[in-house]
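Please read the structure below before turning to the comments.
Naming follows writing order (A, B, C and D), and every chain is counted from residue 1.
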């Protein structure tokens, strides 16, 4: 099987998810400041989801870099990840239209939680195919971010019963954690490339 | 002609079909559990169609792997397949909004039936171009799944007159049959690759 | 400049046009035969436009095959073609919702006319860059189909004032003319390949 | 990291933005000239945004041509640019539905301003990674267009308080400035290619 087509397909799905989120934002009725006021929470949740899809694209990019063989399991683990991410536009818009409502906010966290679990499953499938001593296994190391994120999502989901601000803060915090460059994979590859040179 | 562009175009169409199905799901009015209740049948039919598109992408991937020359006939047989699959979001959403209604359920089966026939035509066109002794001919073997699926779809369509549960079970069953890895093509290719090594 | 990225971008746009046309088809209200009756003209115009986009993709594929250098003019001539094709979903759906209404039918023809002119401009730009003795110049020959189509579109547009059936017949006829395989380009390339072998 | 996947992803997003803008244009109710009258301002703003996305795709294409290494910073600078461009369909449609209203027209300019700043940031990140003597640094030269555009956008935004015609003229003018072929990058590359030959 061909890794290039898996990457291209995933890129296609992620590019579409990123772009159609805007389609869910309805054009305001009217042309004054009053008309665009309800757009602010919608746009804020759009920005957050845009960053999350960007992070997933980035991580997916890094993960696939290490892949040599694509098995049926890897293919379906990848589709499973895309499934949860495909729900992002729906949940994002629901949260944006009902700012600070607990249920949409909890479901947003649930979707993020399931996507992070799906990403972990995809990693495991790739590790299983490529061996514990593979480049990926070294690059992942202790995978601190990957382990921390689902825990923070879980706390954020439970927090929606008490205060929406805790959830919002946690969703934003996890995004920030991932935005901080994780040099591990890049460094190991750079070393490999140097060895090749 | 170039096989790469045919694959890329098909991947693009399948990626868009997969993703825009969510656009058809309307954001619930309200933010409580009551508001998301009507979403469950819509989401269930979304999951089923997501798996079917995944299966078609997977099968298309395998089929194209064996292709060496792209003729005009193959190109149009491929577009014919994409046509039936492009109707998936429409029929999926109609079925989801009218849970257990016989007509939408029968049309869903009809679309699956036509897509499976279109896939068979595409296979035949590729076989015709590549010969009965080609890698594809060997890999297909008796093509048990490909022959069983249209029959089960037909039974499911007729069943909608009696009980919707039979149809639902059959649609889910066919998806499961395809999810069970079909080692044939993979094994034959692995052997070819070993010979090359 | 890189021809690959121009092809990939055009393929992306054409794949999206092909798929989002279905998004314009609204899910019927209700689940009986009465509810899907108004879908028939909508689906018919969808089928026609699907075939036209397929033809354009096919022709674009053939045309780009002969391209060696991409100039700024070729790039913008290509975007100009994509612009007219991007209006297909809108006009298709308007025609489908107002079956046999003269104005939507005339505008559909106008869009086809402009797209065929845009394709001709793109051809001219490629010819200008590659020379009169290029592979493309030979392959095009007298370009009978390319010259006939705009004339038939023009007749179809004028016919909407008298009878919608003439227009429908002409739109279908032009699609059929293009579906008949045009062996010229394929044959010349096959000969070139043989020479290389 | 791989430059090809960054290009493909950006192309995907730009192709989707280009195409879904038409989805925002609602099919007219009715089939006479009266019904399509409100479409003219919508279509005009569509044409303008289509050209702008075309320009950005073209410029992005040229810029990426010079890139050798993709860092995390370049990746996020690229996503930042795509974010502002992803708002194009929304703002375009809002402006088209409220012709000559000052606020939508000012926001359209704001989006163009932010996109031009995002493009400048992307350029800086690439320059930082590739050095001041790189091919890109030479090709950019004094980057006259890139410096003029944000100033003209700013004037256009302020002009919406006085006259919408000044803003419209300025938005159109900037598009024209970019459409005039900028031979710099092409010429330098042609020379490089000649040296290689």
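In this section, contacts are C-beta pairs under 8 Å (C-beta built on N, C-alpha and C of every residue); 3 or more make two chains touch, one makes a residue touch a chain.
Not measured: the values here are computed from a predicted model.
Common neighbours of chain A and chain B, by the contact definition above: there are none. A centroid comparison over C-alpha atoms places D as the chain most distant from chain B. With centres taken as mean Cα positions, chain D sits 27 Å from chain A. The centroid of the Cα atoms in chain B and the matching centroid in chain D are 38 Å apart.
Residue positions of chain D with contacts to 2 or more other chains are 8, 12, 16, 20, 23.
Chain contact topology: the protein chains form a single closed ring, every chain touching exactly two others.
Inter-chain contacts, as defined above, occur between A-B, A-D, B-C, C-D. Contact residues of chain A toward chain B in the complex are 1-2, 5, 8-9, 12-13, 16-17, 20, 23-24, 72, 75-76, 79, 82-83, 86-87, 89-90, 93-94, 97-98, 101-104, 107. The part of chain D that touches chain C in the complex is made up of residues 7-8, 11-12, 14-16, 18-23, 25, 27-28, 30-33, 36, 47, 50, 54, 57-58, 61, 65, 179, 181, 186.
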